[in-house]
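These are the structures, in structure tokens.
Below are two complexes that have chain A in common, paired first with chain B and then with chain C.
Then we have the complex of A and B:
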């Protein structure tokens, strides 16, 4: 009898303390798929929450496409000094509970001042329901406008972005950035955060550039070409292609990917930064008679030289800006913490070296 | 105390006895007393037959009144002088042909030897006329009446202070049929029936060894039901046999009709919802368990026997596992266990994931479910309750109806109710899929009694899921595993061979290895002979020669 009573008390206490009473089933929640954060009036934040419409949900449940012209999602906005305050204001505009547990993407305006950017990063670091796997991107355009955009493929924008960033080897460069990765790098000295830049092209999303942040503000933006070379450096390239002349005719090397290791060497009071890239790719435009060992060696050297020159130029431009998104300095500073205060100066004055070793692993069907 | 307790809310007071009723009762009492007095006067005690046919008839009449099934037939035996006799039997439990032949022999003067008038001579004469086997003599009324009600025919002869008990029993019984609840595609198709002797013979037919033993006892002060304990001497642990026998003999009940009335007294866990004995109607299954060192208990009038001790894997094994190849058996067994997990966890997970922890679900699935649930007025836990109640109602109704009607009901219920309830937006279409899968999953368990326990566990899981989400499911699972780990019968852990870990019993658990590799009996049964078979030897290659010579 006492054991039964004890068990009953345990069950009751579990039920009361479990917080089940404020649980809402999924249909009573306004499922936020994208959060957009822009600059608001009076130094405030304007936060937008994209929620799928009931028509879009219905069409998903019966495996049909929503009728043309029908918006698949609506955006609720709120302003406030913090994201939480803005969210409270937005909550008053929807009947369901604004639920962030399924947030797929966070789109930040590149015009956010540094304190607001830091406040946003801090908010997402402490947001309980989010599992920090949401993708982060920045945009120079008005965020509300970006969130209203409908992907050409007809699906929800969040699902499009999810598909875009989830498939690591589908794009030329994998520019996936999650809340978790952003948090990890936000506090490290010298180390900069890179975020994919979301732009509009023909009313569709385009992601082929990178914005590099330091201290909460965008320091530089890489062009699409620089982004590819940056991709080699951070091992994120999987479908890159380059064209080189061989005996007067162009030869393309595709499916280029790299494996990069970085080293920091102390040299006479300064630092020497070295990047070793092992690049591999496939040649498939060689004429049948040209697939010789000598030609392939020539091609490999061409690729190595081409990449090395571009990489060195990119690294120098980043060095001049004092940003280290590649992460040369972090492992060195772990071992030499006393150098942390002058880390930026050391980085700026360091000599740079890039070594590229290319290997052609296939010549199409001709082996 | 409980037997005499009146119903607390009886609709009307019991009718008052009239004078006529009281007269009737007094007259029956007087008749009974007179019968006893006759016995008392003749032998000075009430418990033994007196040798008077009239007194015996009065005694039986006083005990049974005018019960139509108790037949009393007065005879005059073909002696010189003819001697009165009384034949008593229960109509419907006695073979009429055998009875007629016996009566004819007793009344035939040509076959009757000369009687000298003494009781000894009469005994000898009657004895010579009766068949050789199945005849006993006793003078104790208690023994005589018990045998009479078991189908034995009593023969009282004037002047003989005892009665013959003739085994002319022919109990009403159906033929041994096919198993209804444990169907197997291949293998033996023989089930027990309601007659204990037939059931024992069926077991004996499969184990031609004198070490197969049956211990019997009688249970039920009214029903006097025979219960048999079967085991194999030299194989089954004697401590197990002794313990079960003692527990059987200690049962004190008014009546025993079913094997399931006996089992709770034996396994020592009457309150647990999990089955502690393996009930079966299959003869081959009882034989298999006996050969694994278990004991079987068979109850007269119940075609279901049970074997013990058990572990949880016993409820997932069927005859089919041993008549097909190891690959087939292993696959089917894995499917059954998968069915249990699906049945037990699918709907609780649905509740947990879509009520409490939607952040754990892939986005596309969340959106799909959210779309399907938009116009549903109930939370997922209520949906589950509604659908499960419908399933249970359909199942119970199908059990009560004859087979053709139950099939129709099942189809109608599944199609019409399922379609209508979705169209009425009471539950969402995904719920129909989940309920169907859960029900199918739980019904893949071969042992019905385990299915019932898991259906209870399902509800506990549902409560855990709706209160604490996925954490609640894990909590209930841990508690369940803990409880089952602590459960044991006759020293056999319920979760064996997984807890405790007994690797050499794995071969017949989640999978079934080829039979030659199953050399050992389950060690948890602590058998006297642990080996079932010798280690398999690799066959020597044999060249089959052409005996007709080389024609080329």
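Then we have the complex of A and C:
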């Protein structure tokens, strides 16, 4: 009896000691779904927190859309020299506790100066309770405006972005970037950070470009076409269609997957960077009777050559800027850490080679 | 029980120091670290064989009293220090990722209280708890860890370099040696074994240690492959940071990786309760009659000492500095310096005894 009582007391004490310090009921939490960070006045950051309304939140839990006309979310903003300072200011404007544990997306302004960008990355790296799997994107437009857009009738922006970035094979190029990926790249030497660019197109989101960051600032922006080729290089392109002439008629090949391996070879005093791409595709458009072995062979060579030329041009432009978002140098520098201080110079002066091997694996049901 | 007494010492920090010091030589450094731990365990088993019936802390049959007293003090301080840093580390993890507003003291007190509670009923309760908790936590860790495989992007960081360099290997093994702190607990456990089971127990201990090597090798591969070397060396708890990526959106508990980290708390619990138990038994030779009451009294006393000791660390940075600057060399000297001295003392005593009995 005494033992049982003693055990009960100990269990009770353990439970009570845990206390309620961190306890917040859901009605006292302002659950942040999107964090937007813009440039504020006087070298400050303007941070926006998008919080769903309680109606929208309850409709989320039953997988329905909130009724049209009623706002599904509100935005609270604050300014400060750091995200934390801005958050403190924003906290004063909302009754509930701004809770970052369920943040789905972070939208950064592409106009953020390098020190501010670095400070933002640092904040998210140190923010223990925040999810490292939240998606990150940049936008050249005012961030608050981008956050408040409702891309599809009644659908929360956070849900849209979540759906967009969660489905890896839904888009032409999988441009998913998470807080963790950004943090990981920020620590690596030479390796640049790439982030999807969120643009406005007819009151909808358009995500088909990539911004490449080096040292906290965007060094270059890839066009939608370059983004597709960049996607091949990082194994993220899956649906891109390429059109080639065959006997005077256009032939369309849709690449289903790509697999790239990169290698760095020491050559003389410099480096030789080689990328081997294996692309698999199916023929979408080909005149009836044209699906012969000879034509498919020709087509495979055409696709390989076409991709190789574009990839080489893209790699050269990135090399000229001294950015390596593909990550050629990381394995080499890991093995040769003494070369890290000279890494950028080595990368800039390296020779480049792209080898593409294409396999047509389908022609549909027509010979 | 022996494995449970060391598995928590480095699970949160591994493989930060190893990678930072050894770079691409880290796999070799890890191998050396494992071999070092096996050798250390072998050395303590040799000591056990010449001194099988009582705790090492006060061994007048091996050492003269003037030497046995400082040995006792060193052993007690070591066990207490290990418990303190493991409790502190886990409390920091909880505080950083889960319960940011809960005072650290409360988190530390919860761990110590539960550990005292389990150890209160002595070895059977301790052993049964370890038997249940340890295997469960290992199996769940491996299963959840496997979910990270698709996220491996830095495969190059896992593979060992063909250019082996001795200095980084030695430095990495030295700085990362905290991974197996705690196996010297075997000295206190040994007398509790039936003499006929001792040889078998040694074999099991070696096998369990080999399995722990595999467990940590898997952890190394996943952490390095997923987070990459730069992030690993910059993270305070690389394993925890990596586990945070296991997020299953459609599952009831989406943050599955973080849930696993709480399971690692079970490793911490087994570590702390075995160490408190060990502390209570290590002082037992000082009492003429070591009753249950005395055992529980000393258990409570050391629980308070551990809790008090944890207050010395304000942040994980303080903890890392203490562990790396003071505890790593101290434990190394203890584990590899003490057994040879005791073995030598044992051999000398035996020779003197033989000389006395021979005509």
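Quick note on the criterion: the second predicted complex is superposed on the first by the 337 of 367 C-alpha atoms of A that agree within 3 Å, B and C clash if a C-alpha of one lies under 4 Å from a C-alpha of the other, contacts with A are read in each partner's own complex, and residues count from 1 in each chain.
Please note the rule applied: contacts are C-beta pairs under 8 Å (C-beta built on N, C-alpha and C of every residue); 3 or more make two chains touch, one makes a residue touch a chain.
None of these values were measured; they are calculated from a predicted model.
In the superposition on chain A, A:33 makes contact with chain B only, while chain C stays out of contact range. When the two complexes are overlaid on their common chain A, residue A:131 makes contact with chain B and with chain C alike.
When the two structures are aligned on the shared chain, A:54 is found in touch with chain B, with no touch to chain C. By the touch criterion stated above, A:215 is placed in contact with neither chain B nor chain C. Contacts of A:99 after superposition: chain B is touched, whereas chain C is not reached.
Contact with chain B, but none with chain C, is seen for A:158 once the two complexes are overlaid on the shared chain. Using the contact criterion defined above for the overlaid structures, shared-chain residue A:25 touches chain B, although it does not reach chain C. When the shared chain is aligned, chain C comes close enough to touch A:330, but chain B does not.
Residues 14, 18, 129, 131 of chain A touch chain B in one complex and chain C in the other. Those residues of chain C that touch chain A in the shared complex are 23-24, 96-103, 106, 109-110, 113-114, 117, 154, 156-157, 161, 163, 227-231, 234, 241, 244-245, 247, 249, 255.
Of all residues in chain A, those touching chain C in their complex are 7, 10-11, 13-14, 17-19, 21-22, 128-129, 131-133, 166, 178, 180, 183-184, 187-189, 330-331, 334-335, 337.
Residues 354-356, 358-359, 361, 363-364, 366-374, 376, 379-380, 429, 466-469, 471-472, 475 of chain B are the ones touching chain A in the complex. Touching chain B in their complex are the following residues of chain A: 14-15, 18, 20, 23-27, 29, 31, 33, 52, 54, 56-62, 99, 101-102, 104, 129-131, 156, 158-159, 162.
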